[in-house]
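Should a chain be cited, it is by its letter among A, B and C, assigned in written order, with residues numbered from 1 in that chain.
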Amino acid sequence: MKLTELASLLNGEIFGNHDTEITGVSGIHEAKEGDITFIASKKYLKDIGNSRASCVIVKEAVADLNKTQLRVSNPHLAFAKLLERFYIKPIKPTGISRDAIVSDKAKIADDVSILPFSYIADGASIGKNTIIHPYVYIGENTFVGEKCILYPNVTVREGVKIGDRVIIHSGSVIGSDGFGYVFEDGKYHKIPQIGGIIIEDDVEIGSNVSVDRATTGNTIIGKGTKIDNLTQVAHNVKIGSNSIIVSQVGIAGSSEIGDYVTLGGQVGVADHTKIESGTMIGAKSGVMGHVTKGAYSGTFAIPHRDWLKAQAIFAKLPELNKRIRDLEEKINELERRNPE
Amino acid sequence: MKLTELASLLNGEIFGNHDTEITGVSGIHEAKEGDITFIASKKYLKDIGNSRASCVIVKEAVADLNKTQLRVSNPHLAFAKLLERFYIKPIKPTGISRDAIVSDKAKIADDVSILPFSYIADGASIGKNTIIHPYVYIGENTFVGEKCILYPNVTVREGVKIGDRVIIHSGSVIGSDGFGYVFEDGKYHKIPQIGGIIIEDDVEIGSNVSVDRATTGNTIIGKGTKIDNLTQVAHNVKIGSNSIIVSQVGIAGSSEIGDYVTLGGQVGVADHTKIESGTMIGAKSGVMGHVTKGAYSGTFAIPHRDWLKAQAIFAKLPELNKRIRDLEEKINELERRNPE
Amino acid sequence: MKLTELASLLNGEIFGNHDTEITGVSGIHEAKEGDITFIASKKYLKDIGNSRASCVIVKEAVADLNKTQLRVSNPHLAFAKLLERFYIKPIKPTGISRDAIVSDKAKIADDVSILPFSYIADGASIGKNTIIHPYVYIGENTFVGEKCILYPNVTVREGVKIGDRVIIHSGSVIGSDGFGYVFEDGKYHKIPQIGGIIIEDDVEIGSNVSVDRATTGNTIIGKGTKIDNLTQVAHNVKIGSNSIIVSQVGIAGSSEIGDYVTLGGQVGVADHTKIESGTMIGAKSGVMGHVTKGAYSGTFAIPHRDWLKAQAIFAKLPELNKRIRDLEEKINELERRNPE
C-alpha cells in the first residue's frame, strides 16, 4: 500500500519519502523493511535508528531522523488502525456446523458462525455475525448479541445476557455459582445462586476469567470495560463502563467499581467495597471500604504517593531500628549526666 | 405461596399480615412486590424501608417496621432454603446422550444425565443421579459418586476418586500433574506424578480451579470443604473438612490444612506448611511453617491484631523517620550543651 | 524387580539385603512393603523408621539403619527414574479418531494419537507420537512438534509454534489476545494482536495457564522452562531457558526473563521488566525495572536478606512507635532541665 494512501486514511502528514511502499505493520523491534511502525513517546526515539522499518508514525516530526515519518495526532491509535487494516480479515459467516448441537428451541440470527463441537441450549439466542467456536457452551435462555466472538472452550451458563461486539477468550467461565454458604450445625449449606449476569456492549474478557452469577439480581460488567486473563469477578459485583481490570485481579462479592477505574495486576478488592469512578489501584494492592477517587497502593491501600514514601522507608527499617537504639543509649547517658 | 406455609416450613413466627402471598425470593435491593427477603443483621435495618419486598425474614422482630416480618433462628439459612424451594428444579435424569462418548468398560449407574460431547474413559464409574455436562472429560478408572454435578468444560484426569454430592464448576482441572522436577546436568527432569486425588462428599469446587494429583499417594480435599474460583491446590496437599478456601488462593505442595480453616482471597501457603484446625488467614497473606490455631495476616503472617497495628504505623513511616531525625538533632544539641 | 537390577540401572550401591524384591515406588509416608522410597536430605532421616518401605535411596549410606539402602549420587533423580520405569507406559499411538475433526489441510505425522472431540484446523501440523486429547483445539497454521502431550480442554489458537516433548495441561490457553488498548474519545480501542507464540522444546505448562500472543512478533518461552498452574504470561513476554515459574505468577507485557530464573508463587512482574539469568524472586513479591542477578523479595522487591530483616521489624512497628514516643518525652524532660 502506498504511504500516501495511509496518510490520507489516518489524516496524517508525511515527512520524507512520499513514494514509500508499505507492506506490513510491526512493533519497532520486530519491523522489517517495508513495515510501518510507531513510537508512543520521545523515550523510544533512540530505538528508531536500529529499526528496519521503512516509516515511523510520530506525534511530532523529528528533525535529523534518517527515516520517513508520518505525523498523526495519536500514533498508538493510528498503529492499531493499521494493524486492523492490514491483518484483520472481514468476518465471513460459516453458518451452523452439522457437528454443532443447537437446540431447536434456540433463536439463531442470520450470518452466524457456529463451529463444530459447540453447544447451544434451549431458549438461547445468538445474534447476527456472532462467532461461536468449538467447545463453547451456551446455557439455557442465555442471550448473546451481534458481532460477538466466543473463543474455544468458553462456558456461558444459563440466564446470561451478553451485548454486542463482546469478545470472550478461551477458558473463561461466565455464570458459575457465586461462593455463598450459610454455616449451621457444623457445616456449610449452599445458598442457591439463582441470579444472572449482564455483560454490556464492547466488553472484552480475557482467557481463564471467572465471572460468577448473582445470588439474586445480576452481576454486571459495564459497556466498554476490559478484563484481563485469570481475573475473578464474584457474585453481585457491579463494574461500571470503560474500566480496565488487569490480569489476576480478584473482586469479591457485591463490590461496586465505577467508570474509568483501573485495577492493576493481582489487585484484591474485598467484598462490599465501593470504588469511585476514575480511581487507580496499583498492582498487588488490597482495597476495602469506600474508596474515593484517587490513586492508591498497598494492602490495605493508602494514597499511592504516601505508599511510595512508606515503602522506601520499609527497606530501611533495620537502620531505623538501630538509630532508635542509638538514641536510647545517648538519652540514658544524658540522663545519667543530668539527674533530676 | 402463602406466608403461613413458609412460616411452618421454616419454623418461623409471623409479625404483620398473615395473609401475605409470596411469589419470589430475592436480595433486599433487588426485591419486587411479592418477594420475601432477609436481613443478616441489624446493620441492614436501614435498607428495609427502601425495599419493595412484601416480607422480610429477621432474627428478632423489629418494632415500628412498616413491613411484614418472619422471625426465624437463622435468617440467612431460611433465605437459602427458600431460594432452593422456589427456584431449584428437581433433577430429571436425561440418560446417556448418543452424542457422548462413554467407554463400554465404564460403569454407569441408573438415572444419570450424561450430556452430549462428554467423554468417559475406560474403567470410569459414574454414580446415580450424577450430571455430566458437555466437554467434561472423565479419565480412566476415575470414580464419581452420586448426585454430583460436573459443569461444562471440567477435566477430571485418571485415577481420581470423587464422593457424593460434589459440585465442580466449569473450567476446573482435577488431576493435572504436580509441579515436580529434579535439577541435574543443567536442566530440570520431570518427576512422574503417579498419585491420585480424593475429593470427599459435599465438596464444592469453583470455576477454573487447579487440583494437582499427588506424586505418590493422594492429594485430599476433605468432606464439606468449599473452594472458590481460580484456586491452586498443589500435589500431595491435604485439606481437612468444612474448610473455606476463598478465590485465587495458592496452596503449595505437601501442605496440610486442618478442619474449619478459612483462607482469605489470594492467600499463599508455602510448601510443607501445616495449618491447624480453626485457623483464619486474612486475604492476601502468606503463611509458612507450622501455624497454630488463630487469626493471622501479612506476609509472612503474624497475628491478625498485631498486623492491623503494624499496618497502621506502616503508613506513618515517613513521619516516624522524621521524628527520629528530630530526636537526633535534639540529642546532638543536648550533648553539645552537656559535654562529658 | 530385583533390587540388584535397579542398582545397576541407577549405578548405585546396595547396603543391606541384596535379594530385596521391589514391587513399587513411593514417597516415604505412603510406602508399603515392597516399595522403594528415597530421602532428599538428612533432615528426613527420622521419617525412615516409620516408613514401611523395603529399601530407601540415599546419597550417603546411613549407619545403624534398620533398612536396606541404595546409595546413588542424586537420590531424587533416581526416584524420578524409578517412577518412570515402574509406572509410565510407553506411548501406543491410537491414530486419528473418527470422532475428531481434522482438517484435510492439516499435516498429521505418523504415530499420533488424536482422540475424539479434538479439533485441528486448516494448515495445522501435528508431529510424530504426539497425543491430542479430547476438547483440544489447534488453530490455523499452528505447529505442534513430536512427542508432545496436550491434555483435555487445552486451547492453542492460530499461528503458534510448539517444539518437541512439550506438555500442556488441561484448561491452558495458548494464544489468547494480548491485553492492548488505546484510549481515545473516552473509550478504549482494541489493538489487534496479530503476533504469535513460540514454545521451545521440553517446556511444560501447567493447568489453567494463559499465554497471550504478541501484538506483533512473538511471545517466547525458552527450552526446558517449566510453568506452574494458573500463571499469566502476557503479550511479547520472553522467558529464557530452564526457568521455573511457580503457580499463579503474573508476567506483564514485554517483560524479559533470563535463563535459570525462579519466580516464586504469586509473584508479579510489571511490564517491560528485565530479570537477569540466575535470579530468584521470593513468593508473592512484585518486581519492576531492571533486576540484576540475585535473590529478591517484597513489593517492590529488595534483596531477600534485607527484606527478611525489614519484615522482622515490621511486626515490631507498634513497639518502635512507642520507643520513639518515650524518647520524645525523655528529650522534652532533658530540655526542660537544660534550657539553652
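Quick note on the criterion: contacts are C-beta pairs under 8 Å (C-beta built on N, C-alpha and C of every residue); 3 or more make two chains touch, one makes a residue touch a chain.
Every value quoted in this text rests on a predicted model; they were computed, and no experiment measured them.
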Q: Would you mind reporting the rotation angle for the C-alpha fit of chain A onto chain B, rounded to the nearest 5 degrees?
A: 120
Q: Tell me whether chain B and chain C, two copies of the same sequence, contact each other through the same residue numbers or different ones, using over half shared as the line for same.
A: different
Q | Chain centre separation in whole Å, for chain C relative to chain B (CA means) | A | 25
Q) When you check chain C against every other chain, which residues touch at least two of them? A) 117, 135, 153, 171, 208, 230, 248, 266, 314, 316, 320, 324, 327, 331, 334, 338
**Q.** Touching residues (chain side chain B, partner chain A) in the complex
**A.** 25-27, 29-30, 74, 76-77, 79-80, 83-84, 87-88, 99, 116-117, 133-135, 151-153, 167, 169-171, 202, 204, 206-208, 224, 226, 228-230, 242, 244, 246-248, 265-266, 283-284, 311, 314-318, 320-321, 324, 327-328, 331, 334-335, 338, 340
Q. Where on chain B is chain C touching in the complex?
A. 101, 117, 119, 135, 137, 153, 155, 157, 171-173, 176-177, 179, 181-182, 184, 186-192, 194-195, 208-210, 212, 215-217, 230, 232, 234, 236, 248, 250, 252, 266, 268, 270, 286, 298-300, 302, 306-307, 309-310, 313-314, 316, 320, 323-324, 327, 330-331, 334, 337-338
